[in-house]
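You will see subunit A twice below: alongside subunit B first, and alongside subunit C after that.
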Partner chain A sequence: MALFVVFQTTFFLTLLSLRTYQSEVLAERLPLTPVSLKVSTNSIHQSLHLQWTVHNLPYHQELKMVFQIQISRIETSNVVWVGNYSTTVKWNQVLHWSWESELPLECATHFVRMKSVMDDASFPEPNFWSNWSSWEEVSVQDSLGRGILFVFPKDKLVEEGSNVTICYVSRNIQNNVSCYLEGKQIHGEQLDPHVTAFNLNSVPFIRNRGTNIYCEASQGNVSKGIEGIVLFVSKVLEEPKDFSCETQDFKTLHCTWDPGTDTALGWSKQPSQSYTLFESFSGEKKLCTHKNWCNWQITQDSQETYNFTLIAENYLRKRSVNILFNLTHRVYLMNPFSVNFENVNATNAIMTWKVHSMRNNFTYLCQIELHGEGKMMQYDVSVKVNGEYFLSELEPATEYMARVRCADASHFWKWSEWSGQNFTTLEAAPSEAPDVWRSVNSEPGNHTVTLFWKPLSKLHANGKILFYNVVVENLDKPSRSELRSIPAPANSTKLILDRCSYQICVTANNSVGASPASIIVISVDPENKEVEEERIAGTDGGFSLSWKPQPGDIIGYVVDWCDHPQDVLQWKNVGPNTTSTVISTDAFRPGVRYDFRIYGLSTKRIACLLEKKTGYSQELAPSDNPHVLVDMLTSHSFTLSWKDYSTESQPGFIQGYHVYLKSKARQCHPRFQKAVLSASMLIHILLPMVFCVLLIMIVCYLKSQWIKETCYPDIPDPYKSSILSLIKFKENPHLTIMNVSDCIPDAIEVVSKPEGTKIQILGTRKSLTETELTKPNYLYLLPTEKNHSGPGPCICFENFTYNQAASDSGFCGHVPVSPKAPPSMLGLMTSPENVLKALEKNYMNSLGEVPAGETSLNYVSQLASPMSGDKDSLPTNPVEPPHCSEYKMQMAVPLRLALPRPTENSSLSSITLLDPGEHYR
Partner chain B sequence: MSCPLAHLCLLTLLLPPLSSAAPISLAESISQAYSLALYMQKNTSMLLQTYLQYQGSPFSDPGFSAPELQLSSLPPATAFFKTWRTLDDGERLSLAQGAFLALTQHLQLVRDDQSDLNPGSPILLAQLGTARLRAQGLLGNMAAIMTALGLPMPPEEDTLGLVTFGASAFERKCLGYVVTREYGHWTDRAVRDLALLKAKYPA
Partner chain C sequence: MKEERVVPLLLVLHWKHGAGSPLPITPVNATCAIRHPCHNNLMNQIRSQLAQLNGSANALFILYYTAQGEPFPNNLDKLCGPNVTDFPPFHANGTEKAKLVELYRIVVYLGTSLGNITRDQKILNPSALSLHSKLNATADILRGLLSNVLCRLCSKYHVGHVDVTYGPDTSGKDVFQKKKLGCQLLGKYKETIAVLAQAF
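Up next is the complex of A and B:
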């Protein structure tokens, strides 16, 4: 037992001593201090490169160790970075480690030291840090060479938005150094008297040629030198967008993407980003030569699924996108071929095409587009290899374009390109009867019927119309129908028919056949009905016509008219239940009279004239003056005669004529009187001596004192004297009598005055536009007086039909008196004040509103003395004549009420009786 | 480029030994060289401005000038007048020849640099190429004069051997500036050199 105890004690002691020995050995080996630390610099990467070894490592043993590294700048106490580096270390291994400096290494001395610790599971705790290695100093300033100023880092490549530190080293601290980024001064932090650093945060991309940063050393204003760097700022590499792959033939996969911004930089600092395709199932990789597409060869027929990674890469960054797909789901078919059309007729065609076969048992979805007549139809059809589609409901004689595209029906990826072809359908017989109308000229014994028709629209012609067939059939007696074939594009034909009823059928014919017939019947007496013509007013937009509904069986109405100046018959068909229409066409011209005829069409196709309308789209003033002849000149009267305007030459409805009569012998008020005479009557201006002279005498007698003061002042002043005497005479509407005994007329001036149609029949009308001033047409009866231009006494007749404040050219006025004015009012007007007022007013009017187109005919009395102030030579006259008499509306007859429309070439005349005994002073 | 005369000079002077069966006289040689130098003088400032415009700030700043920037591989054109005037014809021509020889090489270097930095600037690259061609033409002209005067030809030196290829982008921009600037100065000086000769050897 004692032996056992001794043995046990010895064992424990031995174990203890062994343990103690092992501890001692480890204590010797644990401080595995890094030795042989060497530090080098890489200016391009601004990095410190460390290499060292660890002594005392067990032979052929790998141990995991941790190295703590300290880096100081400028001085050892200024530690700028501390970090651990873990690695496994072998016996006699040289270890490497790099550190990138934010501050360019050239601008500051760096110091490096490290210590280590065992971090291996084979060595139990506790582990102790070794001692620090000695500081290793790194300075590249000494190698800068000669120069007074240096800027770093040179040609650095950074990404847009990153932070960059730049610095300069100035050899001479006397120099003042300013630094600029693209011309803008930047401010930095002085690291030591020679070195200043600048932190540029989030540098922008300016251009791919780099950003200039330069510093200028100067003393006072003297530049000692500039030095700079180019900072190459790259755009941030973008992830490729829209990455997809597809195949057209199961041999090649065509992959495309949107590369985004090109990050290439100048001076070969960074090329454009590269693109690489990597397929994970096959493990194959391909560097793409184009920046936005790449072709991938399909080598294994068995591979159905592909997992592609597209990697974009530049010097600074790598981006990738991934797609996983089944090959059969990415089939982009080649466009169909052999597109043809079979069995093309007027309305149908069969379209055929072929699809590039991909694999067996593929079904394709094809889409057909049919373009024609401005419309587009779309059809979808499922096919195998040969496609066929029946195109129906086509228009005859029409060019169509049909195109087709296809896609894989089972897994639609995308449509192929289109393949198309044009084709034209065949003609068909015209589908509609031509629109036919006629004009009939009845002559003794026969009618001349002119047939007109409108060309069929393309929709109804169904091809090219070659000719029109006109079949004339006598309805009154059995006879053979007469057929006339008129080649297109004629649109009318003339027939001479005897006085029988005829049915006329017109068909349009193309190469296939004839259209339905258009039938009209010419009765025995087609245009015998006397129909009164109604005046209508048009507008710029056209004419609004309405008519009375026709009793009986009417299948429709036709309105026809002639276009001017082409004189082409136009017509418009109106339905049987319509009794009004608007005829509007751009062909209507102002100043042209249009005659409209409205026909009713009976069930027997006989046209019956119902109404006639005539009007202007816009009336214009007459452009020509009436040609006036003066006849039957006596000492008391003369006759004026002129021809009425022909209907065609009337640019507006002629409402009447103004006859202006004025004396030029005396200096009187610059006014004259005028008579507006009905256009459509024989105007016979006859002076009913008894009535007029009596009236003047009464008036003059009653006002003799006033007349004397007014008309014969002691010092005659013609501008102050004015007397008006208004005579209203309308007993004989065919006769206009004007007393001009107070005037010594010089000339008669006939004025054709546009009065403007004031038709109230069809509602509103547009007022007359400004008409051009027509030069007055003077008839000088006494040629010797021709050149007299002074104002003269005048007589003015005005047609009371119009209450228009128009006057003649400037120096004449008139008194506006309403024709409906009561006699008392007329009486008032004769009072000097009123007359003067009226004269003044109208004188102003005449100055301000000179009506255009007036013609004046001045009459110069042959008997009256032209001398003014010849008071003594006045013939016996009970009443001293007024200085100036103005006769208003001596004769005025409402035009339309009084007389029927004048026939063409009707001669108009006016007789004026002159009293030689009455003249002006 | 628009002067047909200059084209003619360039063509004739680039190939002097082959083209001239009958040797041209000294006065003609001087006159030709003078005409070319005058023509070159008209375009030197445009070359400098075009070059600076492409380099960014501070080069492209209005009124940019850095006379302190010099190249050891390129002799400066400026000289004291008295020194220059007292040179004999041989020395004067020899100095100009050396300068234009260096300039042709430097212009080639600048053009290479710029085609790398500014590939999208055909105008600048064309102007640099033209300037180099004209400098070569003037060299040929001056060689003809020296031959006619019986002067020894200076040895051809590879001046660019002194240029470091590891220059930074900014340094290369500076180099291009100095080269285009000195090209102008040397052209001005060549006009004066040849004017002196022209007066001395009238036609």
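Up next is the complex of A and C:
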């Protein structure tokens, strides 16, 4: 026992002494000073590379050490970086460490030193730092070569938004150096007389070809050179977006993502970012060759869950996104196939299709879309492998397009692509009776009935209409009926029926069957009722019609009319409780008269004419003037006769006629008469002879010499005649007498003149509508002065509705306008009063004032006019006296005198008595 | 004999992009041998090619410095001045033979330099298609011109060997220096080709 105690004590003492010895030995060696420090530079990465060793390390022993490194710039006291580097050091090991400088190394001398301390747990405290190593100086300025200016760093790659320091080295401190970035001068900090540094904060991306930064050295205004660098600024690498993976066959996973901005740069400074797929459960990695998708082979059937990391990487940055999913939840089915239709009939069909089988016991959700007739229906159905769906409530004879897509019903991920097919349903019998109407032309002993029907809409035809059946049944003799089949697409047929009552049934037929019948009954005397015709005014939009409600059983109303010029019967059905409707169609034309008939339909299907209406959608001026004949010509009267317009040729309702009368002779006073005559009225224009004689005698008495020179010169002088007669106005519905000059005509010239655009009714002007002038049509009753183009008397026939003021003044009134007359005067002269005033003013009538397109009666005097046949020599001097004086007389007969409506061939005439006291030359 | 025939071919082949070092070819004692007979109107063709190059030189220069970005377009005198080292001289008042020899040297120099520029610009400015097109077209004409000059030298003056120098190799330069050297070369080319077109 004592021996054991002695041995134990000895062992502990020995151990203690060994430990003490080791500590003493190590303490003697410490601190372990770094030695053989060497510093090199890497200009591309702007880094200092340090390498050193640690002496005094025990042989074959590893120690954990910490090295503190100091880096100074320009001078040793200017420490720019201090840091620790920890590592495990072996005996005789060469240690390496790099430091990247933000300032290009070429622009400043750098100094490096370090010290160390042991940081090993096997050696307890205290540990002491070693002494600093000596400073190692690094300078690359000497190796720059020849040149007066250098700019750094060369071709540096940085990320957008980062901070960059650039610098220049100028060999000659006498040079003034200015630096520019994209043309804008930048300002820096002088590090020493030769070196200046520029801190560029948050550099922008400008272009992938890099950004030119340059410096120019100069002395005074003399440039010594430009040097520069290209800074490559990369876009910031984005995190991939919308990263997802799916399978169509459980063999391949197709992964896609949105790569975002391409960070590639010119000069091959940086290629486009690369993408790598990493699956953590399997530990497999794949470098993707496309920038937005990658396929991953599924090799293990047992692996259901996948954890993918997509890593985007460029020279500056790495970004990644992660998804974790179950494979069965990412099934994107291939589109269905073998789409077919079975048992297709008029309204039903069965759609079948197949789905690509994925795994056993898979249930698919399929969606069907049915397109047809402008509508779309959608149905969802759950299927296994073979899909089937019953399509019902289809329209007959209609083409449909049906398509189907499917998805995994258990874990819906996304629909497959569509697969579709077209099919057409079969025909069915027409579902609605055709809309039928008729026109009846009664003749002695029979009726000619023309049946019209409208084609059935596609919705009701249920197929192609092949023919129409018309069954005519004699209601008075029920045993007799007749069937006619009219092939489509005819829409009318003509029947000649005797004077019995007939029921007519019309059906439309396709390949399957007949439609319900449309029934119409023709009574014994269908159009016997005399109905007053009412005038209505249409609009551009159509005609608004209304009628009185009919007592008794009325099942509806029908309004019919004819389209012009096709003369196609049109009709519109109106319900029994409606007594007005608007007929609007694009077929209505201006200047065309439309006759509307309104029928009531009795319960027995008999149509009874209720009202007639007629009107124009827009009335127009007559395009043709009436053919005027002059007869019974005497020295003081003549008779005008003309035919009324036919109803069809009237572009508007003819409300009356105007007769204008004026002298043709220029020398005489202006005399102009206009008679407003009602249609179909025989007009005699008489002028009290006594009145004229008295008037002339008084005038002659007062100015006998003047009268002699004026009216009875030896050689008529048109410039000296200025007789102004009074306008006589007489109104008589049956007899209109115009007071004309006392001339004895030997010829009357009828000049056609279209009516103007304004109406003058009893002296009141009223604008209605514009109308175009038609080509003048001159009718010479006598061959005298056929070529006369100067102003002359005329008779104008006007449609009273479309009469225009110009006919009073400009056309027939023949306004003489002085070239010096101001515009306001021109305007004033458009009224009759102004016309007369203007005439009194001795303004010259030039040839240019001759109104074209008039219908007038030109009186050719028996006395030779000095100007006759010498119109080319008409004076053009505006100050000369007028050639012709005219007077105008209007005779207006009130319209609407309850005169009988002129028949188509009725003849109109007017007798004008010429005042013998008025001389026309 | 075979070695002599391949001399022109090698010279042409040497104009690949990136060429820049002297050719270790053409034996000193090489005599002139031409695979195909020369055209009768060789000098006219040479004049025509020089005129064609002279006509397009300025457009090429403008396209180039515009594609480099600032400060090039606004500092042509400082960055694109014709300060090209080792550029072969030309004496317009020499004999035709001497002028042809000097022309040969210049065309070789320009050919290699244009090759370098084309290579650099295709990397730096991949979208500057009109510049690339113009550079290629100029290089094509220079090749034809070189062939004609050699033909003339061989056929008339029996000159089978001409010592040549090549444009500087820019592959080790930084991007700004490449732009600058290219601009200087094209400025020199524009200036020289005008003199050459006038001299022939």
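Methods note: the second predicted complex is superposed on the first by the 639 of 921 C-alpha atoms of A that agree within 3 Å, B and C clash if a C-alpha of one lies under 4 Å from a C-alpha of the other, contacts with A are read in each partner's own complex, and residues count from 1 in each chain.
In the analysis below, a contact is a pair of C-beta atoms (placed from the backbone, for glycine too) under 8 Å apart; a residue touches a chain by one contact, two chains touch by 3 or more.
Here the structure is a predicted model, which means the values were calculated and not measured.
Q: Quick check on the superposed pair: does A:538 touch subunit B, subunit C, both, or neither? Answer first, second, both or neither.
A: neither
Q: So, does A:651 touch the first partner subunit B, the second partner subunit C, both, or neither?
A: Touch partners of A:651: none, neither subunit B nor subunit C.
Q: If we overlay the two complexes on their shared chain A, which of subunit B and subunit C does A:396 touch? Say first, second, both or neither.
A: It touches nothing on subunit B or subunit C.
Q: Between subunit B and subunit C, whom does A:210 touch in the aligned arrangement: first, second, both, or neither?
A: both
Q: Between subunit B and subunit C, whom does A:226 touch in the aligned arrangement: first, second, both, or neither?
A: Both partners.
Q: So which positions on subunit A get touched by both subunit B and subunit C?
A: Of subunit A, residues 151, 154-155, 180, 182-183, 207, 209-210, 212, 214, 216, 223, 225-230, 266-268 contact subunit B in one complex and subunit C in the other.
Q: Which residues of subunit C touch subunit A once you look at their complex with the stated criterion?
A: 68-72, 75, 78-79, 123-126, 174-176, 179-180
Q: Looking at the complex, which residues from subunit A come into contact with subunit B?
A: Listed in rising order, the residues of subunit A that touch subunit B are 151, 154-155, 180, 182-183, 207, 209-212, 214, 216, 223-230, 232, 266-269.
Q: Can you tell me which positions in subunit A touch subunit C when the two form their complex?
A: Where subunit A meets subunit C, its residues are 151, 154-155, 180, 182-183, 207, 209-210, 212, 214, 216, 223, 225-230, 266-268.
Q: Name, in rising order, each residue of subunit B that touches subunit A in their complex.
A: Within the complex, subunit B contacts subunit A at residues 55-59, 61, 66, 68-69, 113, 116-119, 168-171, 173-174.
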